[in-house]
Structure formats: C-alpha cells, structure tokens
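Pasting a structure below so you can have a look.
Going by the order they are written in, the chains are A, B and C; count residues from 1 in each one.
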Amino acid sequence: MPAAVECAGVWKFYGDFPALRDISFEVPEGRCLALIGRNGAGKTTLLRILGGFSRPGRGEARILGSSPRETQARRRIGYLGHGISIYDELSALENLRLFAEMYGLRDANAAATGWLERTGLSHVKDGLVREFSRGMRQRLAVARAFLHGPTVLLLDEPFTALDDRAIALLQSLLADALREGSTIVMSTHQLREALELATDVALIQRGSVAHRGPRTAEMLADPGWLYRQYAEG
Amino acid sequence: MEFARHVAIILRKDLRSELRSKEAINASLSFALVILLLFNFAFDPSADETREMTGGLLWIVFAFAGTLILNRSFVRELPNDCLDGLIAAPISSAALFLGKAGANFVLVMAVELISLPIFGIFYNVRWAQQAWSLLLVLALTTWGLTVIGTIFSALTVNLRIRELMLPILVYPIMIPALLGAMEVTGPLIAGKALDGDLLTWVRLLVAFDIIFTALSVSLIDTVLVG
Amino acid sequence: MREKIIYIIAALAAVLLVRNLYVIFLSLPDEAQQGPIYRILFIHLPSAITCFAGFLVAGISSAIYLGTKNLRYDAIAVSATEVGLAFATVVLVTGSIWARIIWGIWWTWDARLTSMLVCWLIYASYLMLRGAIGEPTQRARFSAVLSIFAFTDVIIVWKSIEWWRTQHPGPVLSIRTGGGRIDPAMESAIYWNVLALMLFAIVLVMTRIRQEEARREIHGMRQAAHAL
C-alpha cells in the first residue's frame, strides 16, 4: 500500500538556487507530520509542491500514489495556506457552493449549509465575505478546506493569525480527521498546538530534511528541544 | 461531460463576480464612449470619411476597451490567494482557462454590442445592413482577442506593472486578427456582402482563433503551475 | 574551450565580412535602375534572414526549455531573441534608408517593412516581460510561453500583411522565383553575406549566453548568501 504522502528526491530550483534539496520522506496513512523549520527553510515551498501548486525541478511528489496534479489526487487533498482562497465579493454560502461544485459534490447546497453550521457561520450565510471579521473569514477558509471530505490535509502554518475560536475549531476538526484515518502534513511555528496533534516530526533546514522521526515526549514537553538537538546555529 | 461542467462553473463564477460589481464593464463602456467622442473631435469626419474609417475606428475602440476587461480576468483571483483555490480544485487548467475566456468573451461582446448603436448614432451610420455577417466577424475577432488576452492576463498577473504589460503583449500579437477585422468590418457596415476578398480575411480570423486557442489551452497549465 | 570556439567563429566572420564588403563595394557593378544605393540590399536581406533564424532558434529553444526545465535553453532563447531583435533593427533602418533614397520617404507602410516592424514590437515586448520578472525560473517559464506565441504569430503576421499590401520589391532570390530576376553574381554575394552575418550572429549569441549564465550564477549565489 503506497504511503499517503511521499517525496522521492525532490529538488526545487529558483534559478540556480536550490530551495529544496533532495527531499525524501514518507507519511503513512493516518499519521500527522509536523514540518518544523525556520522562515525560509523551505516548508511552504515543499507544501506547495505537495499541494500541486508547483512542480519539483527534480524528483517526484506523490499523494495517495499519484502526482498531486492529477484530478483524483486533488479531489482528496484539502489545502489551507497563507491566503484564505475565499472570494470577497461572494457570500459565504456562494463561496462554499462554488467549491462544492468544483469538487463534484453531489448536493452542493447541503454540503455548503452543513459546513456553515459546523463553523458557526449559518447566521451570516448570505453576507458578503468582504464584510466579515477576520475570525469569520478564517473559519470560512477552514470550511472550504474540509468541505469535500479530504483524506490528505496539507496546512501551512494554520494556527498563525487564528483567533482562539478558530484554533479550537481547527484542532477539533483535525483530531476528528486523524481519528477517521486521514493524513495530515502541517508546517508550523506554533509548536505547541501542532506538536499536540503530531505523530511525527520533520525538521527542515535550508531546504533539506535535517531530522525525521516520531514525535517524542521530549518534543511535546519542550518544543525548542528539536532545534537545539538538530539545528545548526 | 465533466469538462463542460467545469468550464460552466468557472464561467458562471466570473460573470457573477463581474455583474455584481460591474467595475470592469463600466470602465470599459465609458472608455469606449470616450474614444468614440475623441475620434470625432480629432477628425470631424464627413460621411465619406466616416465610411473609410469605420473598420479601423471600431476595432481600436473594441481592442482598447476590451483590454480593460481582459486584465481583470486573473487579477480578480489575486485577493486572498483565490487563484490557489482554483488551481487546487480538481478541474483541469484547460477548463479553468476556457471558463475565464468564455466569461471575458461574453463581457467584451456586450461592450461591443452596446457600442455599435452608439457609434451609429454619433457618426450617423447605418450599421446593421449585414447584421449577421457583422456579428460573425465580431465574434471571431473577439474570441481571438479574448483568448490571447486571457492567457496573457495569467502571465502578467503577478507583475507590478501588469496594467501596462498586458496591452504591450497583446496588441502586437493581435495585429493580424485586428487587421483582418478592420478590413472586413468597414465594407460590412457599408452594406457589402461577405464574399471574395472579404472571405479570405474571415478565413484568416478562423485560422487565428483555432491556432491560438489550441496553443493557449496546451500552455495554460505551464503558466499556472510552476 | 568555449571561448576558443567563439574566437575562431569571430575570426571567420570577420574575414568573411571583409571579403564580402570588398565584393559588395568594389567588384559588383551598379544595378541598372537603382544606382549604388542598391548595395544596401546586401546588408538588408541577409539581416532579415539572420533575424528570423534568431527568432526560430529562440522559439525552438523555448519549447525545449519547457520540456527539460534546463535553464541553459532559457539562456539560448533570450540571447537568440536579443540578437534577432538587433538584426531586425538593422533591417528596419537599412530599409528606411533605402526607401528614403529610392522613394523619397523615410517610411512606407508596405507589406514587408510593416511586418518586420510588428515582429520587432512582438519581440521587444518579450524583452519587456523578461525585464519585469525577477525570479529566474518563473522568468524562463513565462518568456518561453511568450516566445512560442510570438513565433507562431510571426508567420501569421507575414502572411496577413502581405495580403494587405504589396509595394515592396518582389522576391529576388532564385529559391523563391526560379531564377532570372537577379544577376547570379549579386545573388551569390547575398548568400555569402548571409553566411557572414549568421557567423557574426552566432558569436553574439554565444557571448550573450555566457553572460546570461554568469548572471544566473551570481543570482544563485546571492540567494544562497541571503539564506545563510
């Protein structure tokens, strides 16, 4: 059985500069990998390749056995990046219905209204996103990412800039997802929230994997431990 | 068919977004009107002179006004990183492209079809004598303009000077199609039927459309996904 | 090693150009109708051929880049385009000078001159696009797409403008007319100059490629330094 998320010798070049160098790892189904690393280490670059937004210069990334660019893979991927990917000029309901239709959900309206409820946005379903508060937009973004029932979740610093209500929502959704056997790859600076959920960690440094292993008790107790053990400088 | 459904979803989304704010279409129409006005001041044409200029004038108006709409195409996906949402969705880049091109086509055609009667009034020209042929030429040329404008909109969306770059890239490449359109539109408005020499130009427009639609559909994925 | 090749080709080009200039100015007679100014044709026409060769190489190189993602092909594409554009400028300027002397006007919207001007604009816009994108890989990708569009259009531009106008002297080369329209000595001089200018163009392209690769290397080192 292929791993849910896999990188085999992935390199990414910007001009001659290698942003990612020979990244290889696997994440079996049902595990949650925390990608740890300083700014500029390559976490976002790696996640965007896994999410199908860019192609590796060398090597291969695979989601559920196929390239992230294939439609069957994209149907199973839920991505939450730095931008919320929600249209300001549409209403909350219209936004979710649009994504439900794009993902081929049978009853787009039901799926959309269901998720609006789950994220506490039913009362503003017809409001334009432009008028929403920051917290509401973040919750809508979470709804968009989970709407189509993805089995692989890719999250780029998801807890950054979330208010406490949104953090609680996301944590509960991620915990549910793990329980149901989904796979998560999450890059993070907020080590505590992420390490609570993580089953595995990988430390990315200057584009390479400096350490890859299970999340240990030491890491959970002292998030800085990982940096001290493996990081240079 | 799945592909057609995806094209329709994107087309509807873009049209809905635009019709809600009407920013681009208002700007485009205003611009068209202003150019029509300015030309009259610039040349103060007699009836005969107008007949000579019709093709050229109309297509300058349509090309310039159309670019305002085409620019919006991918720019509307910039806020909140919405383009990522579209690229991540399980729809092919080709469907995304054709949906956007389709929406642009509708909007630019709308501007053209509104501008025509106004042109007729301002310049005292009866333009509907060969209405169906005229519509055909309008549609063919507008599709060419739309296709080139949409894919170049994707190319320039992340540039600081995108409003400047899009016209600079689009107009030179469009010259053969605009030339053909200008050569046919004048005679059509004057009442001449579509035959002989004029048909050669129409064939050029068809070839232009087919070649560049095929090229755009094949290359759009390269542009969107690095 | 590559430097040596550049020098050898440059030397060849120089020798050939000198020989050609001698032939053009000293050994060929004046043309019956035009007088001495016709000699500008020996720069004008070979420059046009070299220019299109450059654009063709750029188009092919762009396509190969998109297939292989090897930035060497991007360097070739931009170099060939720049050199092609330079020769296009030569075509426009020499054509303009010739027109001024023969027809009394600096510019005429005849088919070939207009088409060359449109091509010039298309490839100038290519260079503008490159100038606007800082990141080398994205710049390579986007300009490769544009280069393919550009070359496809070049063919359409020439055909369409030809239908629109013809005031330019018709084709003179035997390969296009089947012989008889031009003195064989003159025709051979044209081909010799095509060779000379092509060699010169190759030297320019190779030099530019080296410069482009050096620039990319520096950019990469700068990125690496910032990442430390």
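The rule we apply is simple: contacts are C-beta pairs under 8 Å (C-beta built on N, C-alpha and C of every residue); 3 or more make two chains touch, one makes a residue touch a chain.
Note that the structure is a prediction, hence the values are computed from the model and not measured.
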Chain closest to the assembly centre - both centres taken as Cα means: B
Label of the chain whose CA centroid is most distant from the centroid of subunit C: A
Comparison of A-C and A-B by number of C-beta pairs in contact, larger one: A-B
For subunit B paired with subunit C, centre-to-centre distance based on mean C-alpha positions, whole Å: 32
Inter-chain centre distance, subunit A versus subunit C - centres from mean C-alpha coordinates, in Å: 49
Centre-of-Cα separation between subunit B and subunit A, whole angstrom: 39
Junction residues of subunit C - those touching two or more other chains: 137
Interface hub residues of subunit B, defined as touching at least two other chains: 226
Residues of subunit B defined as touching subunit C within the complex: 148, 151, 155-156, 159-161, 165, 168-169, 171-173, 175-176, 179-180, 183, 200-201, 204, 207-208, 211-212, 215, 219, 222-223, 226
Interfacial residue positions of subunit A with respect to subunit B in the complex: 51-55, 69, 71-72, 74-75, 77, 79, 81-90, 94, 98-99, 101-104, 144
Partner subunit A, residues of subunit B touching it in the complex: 2, 6, 9, 13, 16-17, 20-21, 79-82, 84-92, 225-226
Complex interface listing, subunit C residues touching subunit B: 66, 118, 121-122, 125, 128-129, 132-133, 137-138, 141-142, 144-146, 148-150, 152-153, 156-157, 159-161, 163-164
Residues on subunit A engaged by subunit C in the complex (per definition of touch): 13-17, 40, 57, 206
